Every structure is written in C-alpha cells, then in structure tokens.
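Two complexes are shown next, each including chain A; its partner changes from chain B in the first to chain C in the second.
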Partner chain A sequence: MKLNRRKFLKLSGAGLLGVGTLTKTAQALAQEEMLKGPYDKDEWIPSCCNMCGGQTGILCQVVGGRLFRIKPNPHNPIGFSNISDDFFANAAKEGAVMCPKGNAGIMALYDADRLKQPLRRTNSKKGIGVDPRWKAISWEEAYTEIVDRLKKLRDGGEAHKLLWFSEDHSFTHPQGDFCKLFGTPNYSMHSNLCDTGRKASFKILMGDERPLIDALNSKYMLIFGWNPLSATKFSHLPRIITRGRERGAKLVIVDPHFSYTASRADEWVPIRPATDGALALALAHVILRDNLQDQPFIDEWTVGFDQFKEYVKDKTPQWAEVITTVPAERIERLAKEFATTKPALVDVWSGTHHTNGVYAGWAIGALAAITGNIEKPGTLVLPNAKGGKHIEVEPDAVAAKTLKEPRLDGGKDKWPYFHKSGVYMEIINRLVDGKGPYQPKMAMIVFQNLLMSVAGTKNAEKALKNLEFVVVVDTMLSETAEFADIVVPGTTYLERYDLNTHWVTWPAVGLRQPVVKPLFGQPAEYEFVSELGRRLGLKEANGNDVFWVGRTSGERIEDKKRWYEEWLSRELKEGEPKITLEELKALPGATWVSPNGTKYHKHLDPVPGDKLKDALIEGNLAFSKKKDGTKDKPMGMLKADGTAIHGFFTPSGKLELYAAKHVGKKDAAGHDLAPLPVYEPREWQPSQEYPLFLINWKEASQTHSRTQNNAFLAELKATDGLRINAKTAVKFGIQDKDWVWVESPYGKIKMRAELTEGIHPEVVGTQHGWGHWAMGKIAKGRGAHTGFLAKTIACPLSGQSLNKEICVRVSRA
Partner chain B sequence: MSAELEEKTAVYFLFSRLFREAPDGALLRSVTEQKLLTLAFCFSGDAVPGNTTILEDPDWPARVDDIAVEYTSLFVAPGEKAVSPYESYYCDRLTIDTSTANSCYFRSESLPEGMKGFLGGESAVQVQTIYEAEGFRKVTAFHELPDHAACELEFMGRMLQAGKEDAAEAFFKEHLGRWIFVFLNHLTKQTVSNFYQKVALSLERFIQREETQQ
Partner chain C sequence: MAQKRLTLQETVDQELGRRSFLKLAGIGVVASAIAALPAEIVEAAENFTTKKKFRYGMTIDLKRCVNCEACTAACKLENKTPPGVTYNPVIEEEVGEFPDVQRRWFPRPCFHCEKPPCIDVCPVGATYKREEDGIVLVDHDKCIGAGDCIPACPYGARIFDEGKNYPAQETEYGNIPSPEFHSKYGLREKAKAPIGNARKCTFCLHLQDASGQYTRPTACAETCMGKAIHFGDFLTGRCIGHGCNLNELITHRKWTRLKEELGTEPNVYYLL
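Right, the complex of A and B next:
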C-alpha cells in the first residue's frame, strides 16, 4: 500500500479542519478588547460568597485574570456581626471572618468536573444509574431546542405546565419575572427545603418570618435544633455567640445530637426528636406557674395569654419528661434560669422539620413573648432587611390567562402558611401520582439537585421521569442533571452578579460581582434567562420588551451583562441604598451599610402620617391596600390621639399566643388548625420493625448536598458515618466502624457505624449531603444518602419538607 | 517552508481539530479514506512502509454519532469516563489561603501544600501569555481554556507554519511535552471505542518521534 503524507495538506486545504482555536491578534483585537474588562490587572475585587446562602463578604485577589486568593471582606457586616454598634466599632480593627467553604470557593471555580458546554441526552431512557449518553451541543442548539419547547407550551395555552425550580439567594428576580411573563404560576425555590417551617412559626407569633438573634448582648441563649457555631448559615454566628458567652451568657443547646455547638455550650439537653414543642410548653408551664413572666409586656403586647396559660396548665415537667426524655427537674431549672436571666434569647431553625414543627417553633417563640425577650438588646430581633427593590413586571394577556391556573402544589389555598418558595414535596407527589389539577410537561431546574434534596429519592426519580422535557442549569453534572434532556453549564458565584440584603439586623447591601470571566465563556444565569425571554419575545402588558430594555436608560441593550447591570442599578436606586451599581461598586468592600444601624423596639416606632393617610382602618389597626383597594398587610396600631405605631405585623398587631384566625380553618392534611401552639406527636413514630429515629444535620464542612466535590472540603472531612449511641449499638450487636444496613420502608443504605455517647439513645444520625452517585469524581461514593429512606412529606401548615421525619432499623451488614 | 515541515504542521492541526470538537462525517471520511492517523503514526522519511498496520476503521464515518457521544464523555461531560484535556490539570497545584479562616474544622497543619487536578492554573496563564507574545489569541467562539490540548497542539502547528521551530521546541518542552503523554495514556485507558484509541496511539507515536528529533 502506498500512503502519501501530502494528504494532510489536502485536508487543511479542503477546510475540513474548520476554524481553529487561535487567531492572529490583529484580527481578534477589537472583539477581544471588549471582553477584556478590568480582570487582567492584579487587584483585589470585593464580592460576596455563595458557597452557602450566608453571603459572607469576600475579597478576591485576581492576578493575570486568575483568582488567586479569597479573604474575608471587613466592610461587609456578614462575616463580622449582625448588630451595627459592634460592626461600626470593631470590624475595622478586628477584621472579618469566613468559613472553610468560603476559603475553598476557589476550588469550586477551578473544579475539573465543572460543566463547560451544553449537553443533550441521546438515551431517551431515564433513571438512576442509566447513562444519558450525552452529546455536546452548541449554545445555539441548546437555546433553539429549549425555546422551541417553551414556545410550544405557551402557544398551546399550556405555559402553566412549566415548572421552574431555583436557588433562593441567587438571581431569583429575573427567574420569577420570566415565569410571570411566560405565564406559569409554578415558580418554586429552595426555601421550602430549609426554613419555611420556622418562618411559619414566627409569622404566627409576630407576623415577621425571620427574627435574628442578638447573641452578642444576650445573657442566656436557649437554642433548639440548631448548630449555629458550625451549620450552614451566616459566618458571623460563631463570633457573636462566642462573644456573648465571653460576656457572661449561658448557652444551652437542645438537640438529639451532641453537635459542635453543643460541645461548646454550657449545657447540652439531649431530647427525643420532634418533641421540642412539648419541652417549650413545659418551660412555659413552669414560668407561668411560678409567676416568672413579664406580665406588663404580656398585657401590652400579646393576645391570647389567658388561653395559652390555660393550655400549658397541665403541661407539667413530669408530662414533658415522658414525651421528651428530658428529666423534670432539669426542665424546672432551665425554665427558671431562662425566665430570670435578662436579656435572654430563644431560637430554633431546622430542628422543626417534623409534622409538629410549626407548632413547636411557635411554642418556642412564645417563651420569648411571655418573658418579654423580643425586640430588646440580647433577644430575638426583627431585622430591618431593606435592600434593593424588585421592580414588578406586568404579564401580558397570554401569560395572565395561564397564571390564573392553580399552582401544582396547591399554593396558599392549600397550605395555611404557604411560602412563595412553593412546596417541592407536593410537586413531586403530584408528578408521581398524576392527581394534580394538570400534569406538567417541562421543568427548568436551576442549581437545584432534587434527587439529593427532597425527602424520598425514589419518588423524585419517578417525578422527573414523568416530565416530557427537563432542562438543568448547574455548574456540576448532579444526580438531577442526569435526568435532564438538556444540561446547561452555569456559572459559579465568582463569575456573576447579585445583590445580598440578608442576615443582619439593619439595612445593608453587599454586591456579588464577577471577579473573573466565566471560565468557559458561558452566560451568567440572568443572561441565559434573558436570552430565553428575548427569543420568546416575552413582553409586559404595555408592550415593554423587558428582557431587552435597560431599566435605567430605557434603551434596547444587546449586551445582556450590561442589561443586567442596569437592572441591578434600578433595584438599588429605588431601594433603600438609593445609589447606582457603579456607586455601590465604588463603596468600600462594594457594600452599602445604612448608617442608621440596628434598631430595637421597632414595634413602638410611629407610622409616618403620609402612609397612615392612605391606610385602610379596621378597629384600631391600619392596613396597607392592594391595587384594588382591598386590605393587604398590617402596617400599624392606632392610638387614641389618631397617630399610629407599628406594632407587630400580626392580625392583632400584637404577639399572638392564640391565633384567632386559625379557628375553623384546616391545614393541607385536612386537620383543624389549632389556635394554640399545641404539642402533638409527629406522625411517623418508631415501631417494633423500625425502632430508631433517623435525623440528619449540617456542619461547617459542607453546604447541603452541593459542595461534596470540593477537594479541600473533602480533605477537611472525607465523609460521614452513622452516629449511634454506644448503648444502643450494644443492643443491636454493632461495634464501632462496623458496616451496617440502615433500612426504612422506603429503602436501604449501607453506612459505617460511629459509636458515641453524643447522640440520644433512640436516635441514629448523620451529616446531610453525602452519598453522591454523580456530581464529580471526589463527591461520588463518599458516605450514604438518607433521602432513599425518607417519605416525601411536607409540613401540612408551611409546606416545609420533612427530611428528618424518618424511622429506621439498623443491623450489621 | 519544507514539504515535511508543512506536513508536520498539518498533522498538528489535524490533532488539534480532533480534540477541539467531535469530528463530523466529512472529517471522519477523510481520516478513514486517506489513512491520516496511520500517516501520522509513521511520520518519518518520505514513504510509509508497505507493511504498516492500518489504524483506521472503515466503519468510523458511519459511527459519527457514537463517536460524538464518546467525545463528549471523554472531553466534555464530567464523569468516570472523562479524561481531562488540560495542562493545568496534570501540572499545577492549587493552594488555598486558610490564614483567615474561622472554623472548628481547620487542621491546617495536615493540609497538603497544594492540590493537583484543577483547571485554569498557572499553565493556562503562561500559555496564554506565550500565545499573545507570538501574536495569537484564543478565538472567542472557542469557549475553552488556553491550555486545552486543542489549543496547545494548534499553537505547535502555528509555530512550525511560521518557521519558528525553536519556539515550537521550547513550547513543547515547557508545556505540551510535560503532560501530553500522561493525557494520552489516560485516554488509551478510558476510551472504549477504537477511534480515540487510535487517535491516542497515532499522536503518541508522532510526538515521541518529534521529541526524539528535538
């Protein structure tokens, strides 16, 4: 055979090799210069972390276009303190802090397992363990196919059959607006996996969803089901709690698990899971029995005290001991300490992920109300979380029609304390059983890993299989992405914008901004969404091309990044900061901090006369009006002189120990809503067959199920086993480090037993988030995923997912 | 430019193209019909020995979709089959500044100096600088990192094309040559079809010869 090397030249000459990867500088210069931006310099760029939802301020050192180092940003209060006096006086000299995940963010950016190009599945069969047989496609192909699917839905009057799932702290406004203009009521986000149960508890009690603890100024901290020195939350928590203790506060942790915070507390109170409400009621019993309450505060600022007092009359420590396993004498002592130490705070977070959770949280909050520990230094404080203002969009007639369709999860008609984040569990169940008002056809899943996060993994699998078309936007090829028809590579928080307004008690806005260009030239998610909106031709009712028109210039803007910069500018300008994006960037640490600072006793603040003038008055209460003139939200309480003070934002304007509005209403399960913070045993109780409670928790080393592919975090803690009380282990013939089967009626997983005294004897538990079978080379195969053991259930009041209501049996493998 | 140099340039461009994206049917037909991998495999002297084993499989053009799926699983989609086509992944270490961290979990004394296996490292910055110094930039439509195999192979070809053999040799020693053999070794182990096995085999032999000649 004769072969001729000249054939190579023919190949090139025929153009079969196409356009290469490199081009002559002169030819590319104009375009490249535009893209160059400020990032080629060596500089420190302030931004906000998003390795979790805490949004810690960060400073990023960028050298030659490459992120080199991340440090805390002392100009951003998140990372230092949630109380302004402390921040203003001490942040500059002490410096801010960040957690290991924040330090490790650089590894998320440069992770070798990142998605970099859109993928289309070529295997129509879907399932756990099924190879999608991905084929890389161009952005143009991805957009065309996604838009084609969306267009068919909208043109066919089925826009409501699009489900949209998103993160809860990242570019939610463009996504929510897209859904509204597209015409689907089914926009949902992460919060209902997190704290909508807590939100509901405090909404009932004080009309505010998210009070924050002033740990720094407290003398007694009684915390239920929360691990604030370590768990995924705001990075200033360890500092303010530690400082509080240094100043003499006592820290008491009520938790079935001896968490890191418990290990640093003055006292750990091991408790049977889901009985925290009973403990709170017994504490209230002792306080009221011994007349330790703050009666003047109760008289002035609560409603339903008599009913509450009557209800807790028989909730004795002895009654609670049987339920909680906490000894009665201990309950007596804790109640007296809490009520007589001022100021004191009480709080609870995800410990309420059980069917009695909302009532339990309400009972815990009631302890603050009866002792007057609200809105004072060192207590529970209502944050003044004013930041950017979202400019609402008006859907056109096509969208308005399908927006009238009910949400698949039933929305506020079904869930008394429905949160705008939706009810993932209900959506999953309806997708599986087809018993919703309609069967959705398509899902856009943005940075949500449903298979690892919803209770009942096999159910989530079935749900995703019942959709005709699934798009997943993520930086990683997650377990959920493996069910996608098209996967779209997302950006990390180091490559995109956002405004962060949460987690401190006074108004502050931190800017997240791109510190490097997206690694693979991918659009940031707001650019992706606006591109979809543009291609679909979505407009407002007045014809405004909202995804084209800049919100400050009013001009049509081709460059979607610039378009979004105007969007943010408008939100800032019309929000509390009243500055532009450029002005925010120029502030120290790219953080706007209100000089007015933390305010206490806000319920006593006067309502401005001009607001009161337009209010709707009912009795002694003033309400804002909706567009149609009907009653909207409580805004104040009238005084005899015709002026008004804010009060609390409940129907009565006061803290509600008795919720009259519950009377005659039902929860999502059809049960009567209780007007008092009742204790009822959670639904799923241990049995002979499944005798142990299984719980899970969060720790500083990981965020949910999202960060397990991070090499540095894996180095800190490689995996987690099943913690089991040493005495319980003996009962089941299990020794330390044994492999054990953990089984529930829904599934079976294998874990390594870790014997400890630091867990309640009736409980086994593990850190949430392990057990990936996808996600990346590091994450895969570490630990086990407890979602396989869970039932897909939501709290019938709030829609909160109940990932901790599981019972199991354990045996040697 | 000598004919051999011109041909060598074209070989680099061919391999750059094969790693840049999945081959289309026309390219697969050319590679198969013209035995281009075999030619690159025995790229030496003027003639190809008559007893050379032909690397090409006549089925390749018909398997264009399968090859595209395998290309994706090897070089685009993360997963067990993936083979990282970046110099940084093999040659650089990423270090984290933990000096300001506040956590109960830090055991900084036990952490390694730096970790391997990341993208966008020093190598990526360095090769970008070299490209720019030679008057090149990555095309904006190629949404990849500058130390991707396709870029580095093309740059070798560009240098030879411009008659800058010394620059090509230096680039090979400082960059491409540091990792390409490890990469091809991984590729050979990971690939399940015979297309990328033969691509790996052909490029490995071609580059080995280049290295010997330098």
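Right, the complex of A and C next:
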C-alpha cells in the first residue's frame, strides 16, 4: 500500500507537474474562481431509466449533445414510494432515488463494445464458441434480406413459423401488433423468466396478478424468497422497507441465502430450497390451531376455509421442521408473531422458481387471507396500474388464417395459468425435439439473451441452431447474437421513447424519451419494426396502413419517429392520463400521476349502476361483455339489494383458499390440478451423486445477464463465485478461493469457491448473470453461468422458467 | 429458535470498531503509524477550525443503508472518476456462524475531518482544508504525486490516480470533462493532472454556488436508495435536499464516528 515518492513519480509519469508551485493562497483563490461555473444551468431532460425493468424516473443533463449526468426524478413516484400519501407529502422534500445501475447508465450508452452497424454472418456453422465471421452490411441490405425472409414465410402461409422474443416493458405494443398483422401467434416476452409463477399464485388466491406490499405502514413483514433491498427492481423498495422498520415493523426474511435483505432484517430464517410452501402451511396450522385467525374476515371474504383448515390440520411445525429444516419452535413463534401483529404483510417473488412454486406462493398468500391482511394499510395491496391504452389492431384475412394456428408452446390450452409472455422453456424444448405442432423457421430476438437466460444453455444452443433464420436486435453482440444470421444494432433507453405504467399502488405513467440521438444513426426499435411493416405492406383488416398512418392525425407520416410519437399520444389520450404526448412532456418530470391516490379496501367499492346495467350476470357475479356479447372481465359481486361491490376477481368473487375450478383439470405435465395450496417435494431433489441444491439470485449491482459489460458496475462487484457454507466446504475438502468444478447431469462449470456462513449448509449459490463468453471485453470471462447445469423445465401451471431447480456436486478443480 | 442479536454497544464496537475496520480495509499498518501522530500536527490541524461559514458533513444512517452501492456509482457518474479511483466505497464484512451470522457495512466517503492527518504530511502543501466550509481538497496544480497523504489517512479515503481509463474513454465519453473543480482540469489526458495525483472526495464541491451554498446534495446523498446519507451544514444543521436537520439527528440518535480515538474529529457521523 505504502509507496515511496520515487515510485509514485515513476508510476504517474508526472513527476514534474506542480513542483515548485507553492503559492498556496493564489492557487486556492484561482480554484475558488473555478467553482462558480454554470453547472446547473443546463437543461435536465426528464425520462425513465431502463437499466432494469423498474423504469425509475430520471433527469438527464445533456451538454453539447453528450450525456453529462443523470440524477433521480422526484416527480416520478417509482423512485420514492408506492403509496400516494407518502409521495405527495414527502417526495419534493426528500427527493427520489436511483440505484447503482441507474447511475451507471452512462456507461451503457457509451459502452465501447456497442454494436454499431448491421452484421451478416458468413459462417453457416452455428454453435457456442463458433465464430460467426461477421461481415458489416448496410441497413438497406439488412432490411432487404430480413423482409425477403419474412415475406416468403407469409406468402407461403407459414407466418406462424415466425417466433418473436422481446423484453416485457419496452416497445412491446408495436412488436405485438406486428406479429398480429404479420400472422404469427408466437409473440413471447421476458415475463415468463421472471414472475409468472407468482402471478399464478396470486391469480388463484385473489384474482389479481400482482399485489404490492405497503411496507411503509406495516408492523410485520414476512418475506419468502425475495431480496427487495438489493434486487431493487422497484427503486422505492429500500426506502419504504427501511422506513417501515423505523416505524416499528419487524422484518423477517425466509431464504436459503443470507441476502442483503436478510442481512438488514430483524431475522433471517434459512430454509431448505423449495420448501417454502411447507413452512407457510405449518404457519397456517399454528394460526388456526391457536385460533389466531381473523374469523370475521375469513367468513366474509374467503371460500374454502373449511377444506383449507382440514388440509393444514396435520401440517404441524414438527412436520415442517423435517421438510424445511426450520426448527418447530421457531415456526410456532413466527406464526404467533405474524398473526398477532397488525397490520402484517407477507409476500414472495422469485423464490418460487421451482416445481411446487405456484402452490407455495398460494400457501404464502393464504397466510394474508386468514389473518385479514389484504387491502388494508400495511398489508398486501392490489395496485391500480392503469396507464396508456394499447390500441388493438385487426389482422387482415391472410394474417387471421395463420393466427388460428396454436402457439408453439401450447398456450392457454396447455398451461392452466398461461401468461401472454409465453413459455420460453417449452418453445426451446419443441425447437429441439421437433415435436411441436409445427417446426418454426425464423426468429426475431429483440433484447433477449436466450443463451444466458434459458434454463439449460445447451438446449438453447440446439434450439437456435434448428431455426433457418435468426435476427437479433441488441446493443451488444450477446451470446445469442452469435447465433444470428443478421444482427442489427438497437438503442439504449437514453436514445428512444417509451411509456411506462408505473408499479405503484395508484395510476402513474412516466415518459421515456430520447435524451441523445442514437449514437450510430440507428433506428429505435419501434422504427425498425415499423420499417419492416411498411416494406411488407402489412395492413389492418380495414386496409389501414397502420405502420404508416399517424394514430392521432390519421395522416401518412414518412418520419418514423413522428409516427411513433403519434402512436404514444393516442395511447395516452385513450388511456388513464387522457393527455397528449406533448402534454406529458410538459408535466413536471414528464410524469403523469393520478391525483386519485392509493385506495385500500377496494373490494368493498360499489360497482357503478350504469356499468352494472350492461353486465353479464352469472350466479352472484357480474362480468363485462366483449363486443360479441360473451363474457369478458369480472366486474363485481351482486348483493341482495341488487347493487354490486367490487369483490375479488376470482371465480367466487372472494379470496380462494380452495379453488373449485381446479377440480378435474390437469396441468401441463398431465398432473391433476390440486384445489388446495398443496406442498409436494419439488421434482429434482439432491441425490448421492448430486448432493447439493444450487440456487441463484439477483443483487443491486446487475440486471439479469445484460449489464455485465458495464464498466461502473463491474467495478462495484467484479464477479461472483460459488457461495458455499464453510462447514459444507470442509466436508468436500474445499477452501476459500479454491477453483471448484460444479457439475450436474447437464453440464459442468468452473467457479471460484467463496466460503461463507451466510448460506444454508445444503445449498450452494451464486448471483445470476455472470459467465459471459461474448457481449464485450468487460463481461467476458467473469464468473460462471449456471444455465449450463439446469434442466429446460417450466412450471407446469404457469410456464414460469425454473432456473433455480438444480442439484449439483462440487469438487476441487 | 431465536437468533442471537447483538446489543447496540456490541454493534458499535464490532461494526465500526477499529479492529474490524482495519481488517476490512487492509490498512492496519497505516493506521498504527497514525496512532503515533505527533501532537503538534494535531494542534496545527486545529487552526483550520476558525473563520467558518459552513461546516459541511454527513450523517449516514446505518439502519437505512442497504449496501446497494448506488452512492459509489453515483459518485463515479458525477465526478467521472477513472477505474480504481472510488471516493465512496461501501465497506463490508461478515461475522458470526451459521445461522447466527451478520453482515455489516457502511459507505465510506472522505470524512473531511476537523483535524485531518492528511494535510501536513504533504511535502508541497497541495492538500488543505478550506477555512470557510471545512472541505478537505487536493490542489492538483500543486500535487506532485508524492503519495504521503494516502497512508496518512486512517480511513483509506485517498486514492492514487494511476492514469487508467475505462474502455468508454475511446468513445464520446472521453470528450466529457469531469465536473470536479468545475472542469478546471478539462478532458482527461495522459500525464495531465489529476493523473498521477492523489484524489479524494470533494463533497461534490462543484455543486456549490458562488456563496458556498449547495443547490443539490452531493451525488451520493442525492441518489441514496434508503435515503441513509444526509449531507448538510453542521453549523446550522441544514440538510441539503432531504428536508431534515443534521444536528437534530445527532442529538436524538445514537451515533459513532470512525476511529474516534485518533482525534481526527470526522465530519461524518454514522447513525446507529
């Protein structure tokens, strides 16, 4: 550490600088003078981040056409609070926040390894580590070849053989619309790698896919398999959770890994992976055994309580201790604390990426139901996430024909809780084995790095090799781009538009807008898609040239950026904000925030009489009608006096502890759907040969597998090794920093062992996203990718990818 | 089974105590040298406490800090610091045994000490504490890269700029000056200050207006995800941008300063 002067001078090559300038005061004065510069006089352009899917509000300072700084946007609630009272009263005073990734956005924009022009592969051979032998081509060449391929498919009646993969929160509407007008049912996006399992759990329980936690007002937070203080997709989470604790809440984290959230919690409950459902059932057992439930709430607002109570009767803490490794007396205590502290919240996110995951999430949600901790301040709250409105397009006759083909993944006929994002794992498996309803020929892959995100990397490789033509749109030459026939440069979030419906509890829409021009003159993705649509001559059923015609002016617009501005304007105008794009831009922070803030007890809200008049009634439930008069969405529950209240949007209108609709139905694997939130051991269990659970998680410093080439972020945390409990390591003869082989039946990776006391002894794990072999100079060669060890399997209820269900053996390399 | 929780005092001792910090930062040798700092140096440092208009400093609420490192990244973004030059890292350690394990951390900016031991060790007088607001700076017009100040800081808050660059330097990013010292040193160029100099946190001095007031908080405080870092003026207690009062916080909350025994009197208080 200590360097002598000579060494310093040698190192710096700056030995003569400053020597002899010893007039300290003069220098200090000169320096003072410099401090009066114009640094806050330049314009700060409001926008939204997209370093992850959280869409935090940002302010960007651009000087001379270059991005100079980014700072938090206090007009946008996502970076402050998910509760409106808190936001309206305190955001201006306290200021919003931004995560490290948001602060590192400048390095994504100016990444030296960014793809700058379209490339065509000249090596017909494809595979991991195979050089595509890229040849730079013009945009015209790229468009011509892509359109030619697309046209052949469509003209040959094979439009459905186009697969499209995209992000789930960026320009999805033009892509989805393109697919519809082109004629493929196979538009899929990221969500099924993320939280479609959780969505299914809560859909069963409460008919809503995404309840949010009101941490700020809570007195007890019981969180399973979630790392919200570090994996901070919603950037307000650290603030509201630490505030909740400050105001007296206890934070309990159930996780096999001692995450940063667990580290900041009052209590860490280490648990054997995939047994969270068993723990939840045992907690319910204690609550009901000791009569600690909220019986009036249960009587009024749940169905299936008796069946549920009967089911948990033998799910004793002792039973759960054997399964979960959580001591029975601790389960007893946690159950009593949770049930007797009000208000309490319970939640779970991607800890349920396992074969019992949907039921486990449902069991966890049931804890909220039996204690009445739903839709009250400080509990799980159903958000009102109304934002821009997607203006649906009508496909023409050609497209309509191939749209009737089934999705390659089987869609909602196969998966009881199918989500519109599709089932990547099923798509990959069918591409590999050719046993789908047809064999797709072409894929458009927009900002999806399947090689790094799909469970079972070797399968992803085979799947992509089985496609005739692959187009990748990305800012980086990702691992997946290496399988492309043509790759075209995309834009970063600082170079394009989007509308972001924010994940707070009341409606808010933030604008993302280009703060700098695309660095290489490339089109933004919506412009790219529009150009394809124009060249293909895709039209709506009524002949409308949707990719040419501005959606507010109705005029044919040559300039595709202007065309998209009208697209967004119409979505805003017909959506919740009811303003134009220009009006949104002019709002403080370019964020529209509904003045009708957070609402609790929404299940008690009356359904307006005029809506009810046109409703379709089934039993005591009211539904809205589709254009053709058939049942559309749930609207409310009828009361004896003929009026109706909102209720929950389940088949019964209540919280379902027993799902009657499951009886007689099967999941995608052919198993009977259970009508109760059953605990069943996950499919892949440790064996003598592969004795350890392998899990992975997210931390604040990276997003999925897409930010590892970011220079700032790589400096925060250079890589991750294999975290292994120190005692377990001894058992396998492994010392800290040893290179180890991590092997499963599907593959073998080399990792650096990191001994810790902060992981369950039966578990090894690592931060997801490392192990790139492409993407860029920084990302390459750091850490290892656990996808090689995973089985390509989806949750049979939801289609959620199960990237965390892996067993391995570990040995010194 | 209840987990063992440390008492407040134990947390103070272990989380911020000298031994634990030394182990973490790997600067044990340095600190033992400082422990024997001659009394006259400490006295000299006292002279800097006069004629103050402001006493800028921070409170860092360790109950709110979640170790996200947004402060570290925000500092890099704001000051355009090169690889290896990190003004505000988060120091972390793990203690205990499974399942009674704890992980502790704290962000570590420069503390802009009242009695900074980094100043008088400089052979050319390049490092100084501003009388008017207490900010400790390196004058890059004078710094010769002697490096004596680096081990003199018992907190490891000074870093040598070896002249490394991010790959982005070859892009448009290379044409963006650091706003540090109001871009006085212009674009980053080989063999030009501050390359070859000691560098450190300036409390984002360039965010001050002509009167010495801040118009926005330091980048680390502004971005902080838990709103744990409050930056402001201890003479009035005024916190910049977070609507609280620093003096009220240190009056009502338990706090500690790192290595109090060295007499450096840091202007950064860790709230416990």
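Keep this in mind: the second predicted complex is superposed on the first by the 770 of 813 C-alpha atoms of A that agree within 3 Å, B and C clash if a C-alpha of one lies under 4 Å from a C-alpha of the other, contacts with A are read in each partner's own complex, and residues count from 1 in each chain.
Heads up, the rule we're going with is that a residue touches a chain if its C-beta (ideal position, glycine included) is under 8 Å from a C-beta of that chain, and two chains touch if they have at least 3 such contacts.
What you are looking at is a predicted structure, and each value in this text was computed from that prediction instead of being measured.
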First (chain B), second (chain C), both or neither touched by A:K404: neither
First (chain B), second (chain C), both or neither touched by A:K116: first
Partner chain in contact with A:G521 - chain B first, chain C second, else both or neither: first
First, second, both or neither for A:K633, with chain B first and chain C second: neither
First, second, both or neither for A:I106, with chain B first and chain C second: both
Touching partner for A:L477 - first (chain B), second (chain C), both, neither: first
Touching partner for A:F258 - first (chain B), second (chain C), both, neither: second
Touched partner set for A:K151, first chain B, second chain C, both or neither: neither
First, second, both or neither for A:K135, with chain B first and chain C second: first
Footprint overlap on chain A, where chain B in one structure and chain C in the other make contact: 1-5, 7-9, 11-12, 14, 17-19, 21-22, 24, 28, 31, 35, 66, 69-72, 95, 97-100, 102-104, 106-107, 110-113, 229-230, 235, 238-239, 260, 519, 700-701, 711-712, 715-717, 777
Interface residues, chain B side, partner chain A - complex: 3-4, 6-7, 10-11, 13-14, 16-17, 20-22, 26-27, 30, 34-36, 38-40, 43, 46-48, 50, 52, 54, 65, 68-69, 71-73, 76-80, 82, 84, 86, 88-89, 94, 96-98, 100-107, 111-112, 115, 117-122, 124-125, 128-129, 131-132, 135-145, 148, 150-151, 154-155, 158
For the chain C and chain A complex, residues of the former touching the latter: 1-3, 5, 26-27, 29-30, 63-64, 66-70, 72-74, 76-78, 83-84, 86, 94, 96-99, 101-104, 123-126, 128, 130, 137, 139-148, 150-151, 160-163, 166-168, 170-173, 175-176, 179, 181-184, 190-193, 195-197, 205-210, 215-217, 219, 222-228, 241-243
Chain B-facing residues of chain A, complex: 1-12, 14, 16-26, 28-29, 31-32, 35, 64-66, 69-72, 95, 97-100, 102-104, 106-107, 109-117, 119, 122, 133-136, 229-230, 235, 238-239, 260, 476-477, 519-522, 699-701, 711-712, 715-717, 774, 776-777, 780
In the complex with chain C, residue positions of chain A that touch it: 1-5, 7-9, 11-15, 17-19, 21-22, 24, 27-28, 30-31, 34-37, 39-40, 63, 66-72, 90, 93-95, 97-104, 106-107, 110-113, 229-230, 232, 235, 238-239, 242, 245-246, 258, 260-261, 263-264, 266-268, 270, 327, 329-330, 333, 519, 700-701, 711-713, 715-717, 725-727, 756-761, 777-778
